[in-house]
């Protein structure tokens, strides 16, 4: 993680699954409410009572950026966000399958790839979250996603125990 | 000062150049390429006319200047004198190297059929091929070969207003990307859109009629069209290696540092047979993501870094008339345990291929909202790529094939992925082979201001 | 067309499988504001009020509001409007979750479903593509399994499903329609109407957009709305913290918690089934419906002690230990009203209701009435098939399942407590209005609430005029709960406002934090029509009168605006409200006057003309 | 002594129990005794707005003291005072 850059730090224990972040994100993308275009997606895992917004980690490897055949993805210098340059992107979809986090999307309307660009250092989802489950701070995202994964995993294992 | 020679200006070569340059600002770097380096994945969009021609090319003088690369464009390697560390070019010149990268890629493989020399019969492999096609501006096209290369240009041709028919010798389409069920679903979808796919049909002859082409099939039937696109496969460009003493099999054999059996020679991309992530053996994966991985790993090692490659993963993504498909790793369930769901009526297919409790492959077919508009394509890749043991989650995914997200999060794959990267802990930097000046800073959307103002 | 609306409705004739898209009438959209209103307008235009609710000639309408699918807090709601088999009145059952917004994103404001399919089907809406598919293989399946299987058949992880369970198929008079597994259009038997049409489920995947007229205005209004919700203790702390179950101890302390079929008004076991107890021992997290910044939903697990006794594997494919709920009303009906103080058992029964597609309020109340009959000796072990004293959790669980399948005694329970009481010669055990059972507030203890029940267009309902806040919680300057003074006007005003809120696509709970002053700017900015608070309230009144007129055509008269004898004549026996009865007779004339209706409860021609209904 | 009963987990924690016996011959006196025992945070909660907080609800034997004599409502030994917080803006019209 490049120092002094901020990431979207998620607090799954605060998330209620309301999807206000999806509404805000899609609003920023389209000027309408269209969650199918949101670049942040809320996972609602009821059985484990675990909810969390989920979006690009702005990972070091930048699989999407590396896979792009036309360099339509670049690193924004101020934020270290990996951003899609719309008029360069041809829409081949390679980034979508290269990203092992599932946070690259393809928009059928514009035929271009879309990803979280941290709203140029002022993420709208952070504004919209009513419970401060999304914060924009200096932090390593490995922490929250690991703990969240463990919780979801444990929920399943516990419940399996009950079935035996 | 180390002399690096890179043969081939495809993605493997370009990424190698850039990686070398990032690690060693002093080295001497020469790139040899028979045509101006371009991005082959972009050809369909060039055909469709939806992009600026400049987008095709991946280098220019400014790039060469910025990266201090000597560009040798318009020539090919003719022979390697491995003992002398010298490469002879087809224009009679020769270059000495300390480290050589063979990234010469592949070329279309043409079947032995009469009439292929007609100008109305084109491959779709180079910018020049596309130029030949665009000059003739055909309205009725037969594509010979319904594999990835043939199908990837379909949308572009439809957009140009072409009638498109496919001729495929095998009984199914996309045999190297999807299993028969999934492929059948795409065939049916295309048939519904009025696109003919003639499978199980061998081509015996092509005749230039002066105004078009007449194709004669093995059974005697004929097809008339304006132009034929040959898309019957590719073969690696490695003829010039004969006698160089480098071990080859399906491609040039390389170790996990992308080094051939000659320690001064590396190979990358379509021409290389490198580590296979899934099997631990070797494989040729002639795809863009592998070429890039290869180029970066080879470049890093050529520049003196000790970067080991865990192996390449086959993957493909295809848009065919609003139906999307993608596959990762093992695409064929033959002899494997596979689970998933299939709903041909809705154009929906999901397949997970297992080895014990690990995903070793899978595929998704469906509308955008089900494939690349969801998190699932990438997550499937992440699970195959990490090869993480899913334990009891395997049973869950069998029962709930749509609920990949939960399995992915619980698997710990994101943690594993965030904690590793290709070049031994070095973060990727932007820039790449981008042409200066760099694109402007991405502005905030105008809707953003409306939302956040209180 | 007004923005906020998609402008399109989908009309499906199940008899012949015709599916048509139609433009929504803009004048109706404007005047009836949305959801509950415009659906009532279409129903009144298209369906004869005297229709048998379970006949093909009845239609069932699913309607969203202009704010459904926007980022206005609580913009999640959809309404199911039809003639209800429990009440024979127009019913308007409301649900949250994710389904309603998804319908909007698919491009439809309303679905109008007509006729009866010759065989079980489900409707699959994927944006413009709409088809009816066979549901033969789903018939008989519970809600949870149906949702999972339908979702899989559509192939989209984000498909939303609203469905009936076995109860709806078996035409249980109070079968619910359940979406997202735990959100229900619960009351009046809307699920039976769906079942009567052989329609098992409606699956929706919408990838489109909801557009608004004045983005800047909407953003300003929604921030103001959300800010107000964070300032009001109930929407910022009470509901997120305890859910609606916050009310259990409160209502009990006030002596208004109906107990053992309204034989008492305080329950000694209230603390055991309270929000406090749920939070301390069973709550996993709170959960929001789409766009809701309150998040009153409960995700709960049975307690450590309850484990093993009450496994919640009601469906092998789905829910494990965690479940949702219970809401206050359900914890009351399945708990206090049946004399049951075991929260684990209530969780199990509530989960069963969700899976089987039953309205837990009427179910619990009907079983409570049966318990009274059992204790009175009218029902015996033989008839019921088991002992049925108050407090019997075993009986509650067993009879819940038997009701959904109409097996044995369940067949009579499936008719609701009014028909059951009539059949057994004890009509006095029915505690409700117009065939529908009361919810969880004793109308003797809270006078305005009794008036609201009596005059509700869909039978007894707490959501038509929630005067609790004004009367019991001492907000505003209304008279106290024991006083009939001013309650006519109060109930009418609450009814109008609640109806307007229901029309917008927002959730009524929001009114614990904001009023029409905050809602009108949202509506104006979203639609582009300059709604004022007064105009919205007027729309509420218009809708209310429309429902009333239609109900009167269906045969409802002022005589139906009444309460059971027990409420009118039998005083509360003990507790803070000891000695109180409902003083309905004193309040009704005030109410009719406040409404501008005749003394016999007919909307006057003058009133109807003023509302544009004449 | 009259009994004070508390609803809500936070309030119970602050008060030190679900039910307490507290001195006081009026509701006001009883609340003073409660504050003396529970501390300034309780005072802040109950009386933050000059008088009784808008969202505080005090019942004497189930009757809202707002409908009785407010803080002056007299108490006898066997009376129960219920304290809870339940806020709401009135609607309609607001």
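We just call them A, B, C and D in the order they show up, numbering each chain from 1.
Convention: a residue touches a chain if its C-beta (ideal position, glycine included) is under 8 Å from a C-beta of that chain, and two chains touch if they have at least 3 such contacts.
The shown structure was predicted, so the numbers you read here are calculated from the model rather than taken from an experiment.
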Joint neighbours of chain D and chain C, given as chain labels: none
Geometric centre: closest chain by C-alpha means: A
Of A-B and A-C, pair with higher C-beta contact tally: A-B
Where chain A and chain C are represented by their mean Cα positions, the distance between them in whole Å: 36
Euclidean distance of C-alpha centroids - chain A vs chain B, Å: 26
Euclidean distance of C-alpha centroids - chain A vs chain D, Å: 47
Length of the line joining the C-alpha centres of chain B and chain D, rounded to whole Å: 73
Multi-partner residues of chain C (each touching 2 or more other chains): 158, 207, 215
Chain A residues counted as touching two or more neighbouring chains: 24, 27, 30-31, 36, 48, 128
Multi-chain contact sites of chain D, meaning residues that touch two or more partners: none
Touch-based graph of the chains, sorted into line, ring, star, complete or other: other
Complete list of chain pairs which touch one another: A-B, A-C, B-C, C-D
Chain A-facing residues of chain B, complex: 11, 15, 39-42, 44-45, 50-51, 55, 58, 288-289, 292-293, 296, 315-319, 322, 324, 326, 328, 367-369, 372-382, 385-386, 392-393, 396, 405-406, 408-415, 417-422, 427-434, 438-439, 441-448, 451-452
Touch list for chain C against partner chain D, complex: 228, 232-234, 237-238, 241-242, 246, 249-250, 253-255, 271, 276, 279-280, 469-470, 472-476, 480, 493-494, 496-497, 511-517, 533, 537, 575-577
Sites on chain B touched by chain C in the complex: 341, 343, 346, 348-350, 366-370, 373-374, 376, 399-405, 447, 450-451, 453-454
Of chain A, residues touching chain B in the complex: 1-2, 24, 27-31, 36, 41, 43, 45, 48, 52, 54, 57, 59-62, 65-67, 69-71, 73-78, 82-83, 85, 88, 90-94, 96-108, 111, 117, 119-120, 122, 124, 127-128, 141-142, 145-146, 148-150, 152-153, 156-157, 160
Contact set on chain D toward chain C in their complex: 5, 7-9, 12, 18, 55, 57, 59, 61-64, 66-67, 82, 84-94
